[in-house]
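Next come two complexes, and both contain chain A; in the first it sits with chain B, in the second with chain C.
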Partner chain A sequence: MNVRTEQATLPDSGTIEGEIGTYLDERLNTTVDTEQDLFASGLISSMFAMELVVHLEQSYGIAVIGRDLKLDNFRSVRRMTELVLRLLDAPATDG
Partner chain B sequence: MADWLGDARTQVSDLVGDRARSWDLAGLLPDDLLRTLAKQGLLCPEVPRRYGGLGASSVDGGAFTAHTGSLCSSLRSVMTSQGMAAWTVQRLGDRAQRKQYLSQLTGGDLAAVAFSEPGAGSDLSTMDTVVRVDGDEVVVDGHKVWTTAARYADLIVVFGRFADEGAAVVVPADHPGVTVTPVPNPSGCRAAGHSEVVLDSVRLPASAVLGGGDQPLVLLGTTALAYGRISVAWGCVGILRACLAAASEHATTRRQFGQRLADHQLVARHLAELLTAEQVATRVCEHASRCWDSGSPEQVIATVLAKYVSSTEATRAASTAVQVLASVAADDGHVVARAYRDAKLMELIEGSNEICQLILARHTTSGR
Partner chain C sequence: MSTMDVVVDPTVRRPNVGEPDTDRLAVVGAGVMGTGIATLAVGHGIPVVLVDVSEERLAESRRQIQLGLRHGRLMGALPADVETGVLTTTLSLDDIESSTAVVEAVVEDAAVKEKVLAQASATVAAGTPLISNTSGIPIAELAEAVCRPADLVGTHFMNPAYLITMVEVVRGPATSVATMLGVHALLGAMGRRGMVVADSPGFVTSRLLHPMINDAVRVVADGVADAETVDELMRGCLGHPTGPLRTADLIGLDNLADALRLLAERTGNDRHRPAQLLLDKIAAGELGRKSGRGFYDYGKVLT
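Up next, the complex of A and B:
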């Protein structure tokens, strides 16, 4: 399900950061900072990173595949937001 | 239910017929069986239509996997390998790689996925296989063990170290430097083509490295195994159905002490437990597949849960079914004898029981 397809304009970084932060707060039962290193702080595992991949794909109608499938892209709320904005901005591919 | 599913189930039933026993005892599946299914995209039905696949949902793909698994777990294992290879290409490959390899995998070619090594099983970070860049080529050196379906494969997706991280490389099985040696006597899924794969200075174009490589091994493994786990989970549903059918048939036809076995209360309890196991595994797999189909992030943990529940239920139920059929199931190659051997392997592969338990436990303590 792509919740963004009906919207004429792309969400801004503040909105995305807020949405990702809310998801993490709920799943991790703790509040994370935008810049906080989620791996270094032991908050998330590679299994959780996979969950974040699926969450971002579902929430923003993007596909996180190939070269984008790197832990660095999931290291912090800021990094995830940058990834989402870049993929939303990218021309449509064959998927 | 999708259009293709009914026909596909009938076709596999006809192709397998009563031959699963002899394939198991011989430790070999016929080449024409695998090619016939591969050419129709039936070994990896979830590949999207734009790549030549059937575009099956996870729920329908799972139903087909369970059906195949109820007939022959060796054939189902080959399906799991093909589907996992396709999923890996779909997730890790760039556009050109997806187009090329997925058309091969839906057009008749067979594939295997090579993770395990003599010194690296559950802990993929200890892999010794190395993918080294040399100009516009890469050179692969390594030793893989227990690679399911490698005996039949045209393409082997090999995981290895790449610079400081990891990579998945698509290696043609007939390429110079590749040696595939079947495991002589596997205890379960005997005809699934488990093999040792030795890679000795295998030189390939850099375009064989999915997505250019340099991705964390653990994330590569987690990605590929997600498909392997849901497929194994559904395969175990098939094992459970075969055991339930065989046990209820036997218990209603054989008579002892003047009544059907099913009318002896202690045997009746076995039947109740078999039905319960089959239903529990089916529901947990359906839930996980629905998570895949709706794009829910819960799919990650639901898949591990499905694999864990299905494989443990299948192992227990196969033992129960042997108990009900007694000497009939002591005949090696019998559907229940195969289930007993095959189910146990399902508790080991694609994340052992213990690894699944660790993942599930960690899920309960996220952030705490």
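Up next, the complex of A and C:
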């Protein structure tokens, strides 16, 4: 697990987009675009969607809970990156 | 007999089940299906007593239920505004005594199911629906083991139970109308839709799906096409949602082989015997998604 302390520099969106993109390329055996709708293109199954949530939580030390836990936040590499940045930036709260 | 509709005699009373305020569901067997059904119930606010013979299995199941609840909510398949039902885990079947319904979801082996059902049936009050979750063991066979065959009914939940809304419901020859009303109410309280079929080996879904998957395995073994190609063809040409081999991985290759053996034994049809490649994979510990590898590689197992 990749634990980041408060003092550590937060990764920028380009870094996160790159990391998520690499993970998806490996797991899906295809190259995905940052803006591509992964659900509409049928690339992500309902089972893989949850793996993706757990992967992001473990990679960035975040907790996706409450209202953040919705498919729309995982629709594209861009959306996932926005979610990760927001959760890294804000203290974890439920709801 | 296409839906849960049954002709209701006004003197028949539905068992006291299907009301989240008073329901106490017992789930016996904390494997993949028992865990999924328990997730579905607590996700709809119904308290669950989950029984297994292994404390380790129960601990793993508790983790999977938490993950499943999040998964269900992520997919919009579990209500977000319902307080989660209390989950109690136990090693003692005696703890199901005051349940309003029992789901038996132990391993797909008639002898084991009979033993557990007999004990459960002797533990709960008469009239408590006793629901055997099976992918294909005839309910009439299991009914011989229980105290009150009228209380016994079959369900065949799909995996994951908390995502798939339709459930195959099997009415045994002795199943009472009250029991049918009870299982209907319980499924309704959990947002499921039951389709009732008559009792027979493999019912409808397994009798059609399992031999098809078995043949898909043979297609791969014969070198006609690899697993990805078979699944892509079934998806792209025939509209199958995941493809037979991905489905096999989700079912679990060991469970699939058990279900096929059961079908072969009860129908006498050799086509239903598990394909050799399926047996080889099981022997190599490749059981599908749950072990991280089957016809596909799943990388790290879900934790």
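Heads up, the rule we're going with is that the second predicted complex is superposed on the first by the 86 of 95 C-alpha atoms of A that agree within 3 Å, B and C clash if a C-alpha of one lies under 4 Å from a C-alpha of the other, contacts with A are read in each partner's own complex, and residues count from 1 in each chain.
Methods note: a residue touches a chain if its C-beta (ideal position, glycine included) is under 8 Å from a C-beta of that chain, and two chains touch if they have at least 3 such contacts.
Keep in mind the model is a prediction, meaning the values are calculated, not measured.
Asker: Which partner, chain B or chain C, touches the larger number of chain A residues?
Answerer: Tallying touched residues of chain A, the top partner is B.
Asker: Please work out whether A:49 is in contact with chain B alone, chain C alone, both, or neither, and reply first, second, both or neither.
Answerer: A:49 sits against chain B and chain C alike.
Asker: Could you look at A:70 and tell me whether it touches chain B, chain C, both or neither (first, second, both, neither)?
Answerer: Once the two structures are laid over each other on A, A:70 reaches both partners.
Asker: Return first, second, both or neither, reflecting whether A:27 touches chain B, chain C, both chains, or no partner chain.
Answerer: In the superposition, A:27 touches chain B and chain C alike.
Asker: Where on chain A do the contacts from chain B and from chain C line up?
Answerer: Residues 27, 45-47, 49-51, 54, 65, 69-71, which sit in both footprints.
Asker: Name, in rising order, each residue of chain A that touches chain C in their complex.
Answerer: So the residues of chain A in touch with chain C come to 27, 45-47, 49-51, 53-54, 65, 69-71, 74.
Asker: Per the contact definition, I'd like the list of chain B residues that touch chain A in the complex.
Answerer: Where chain B meets chain A, its residues are 48, 50, 90-95, 98-99, 210-212, 214-216, 218-219, 222-223, 226, 294-301, 304, 359, 362-363, 366-368.
Asker: What residues on chain C touch chain A, complex-wise?
Answerer: Checking each residue of chain C against chain A gives 67, 70-71, 73-76, 160, 163, 242, 250, 289, 299, 302-303.
Asker: What does chain A use to touch chain B in their complex?
Answerer: Contacts found on chain A: 1, 27-30, 43-52, 54-55, 57-58, 65-67, 69-71, 93-95.
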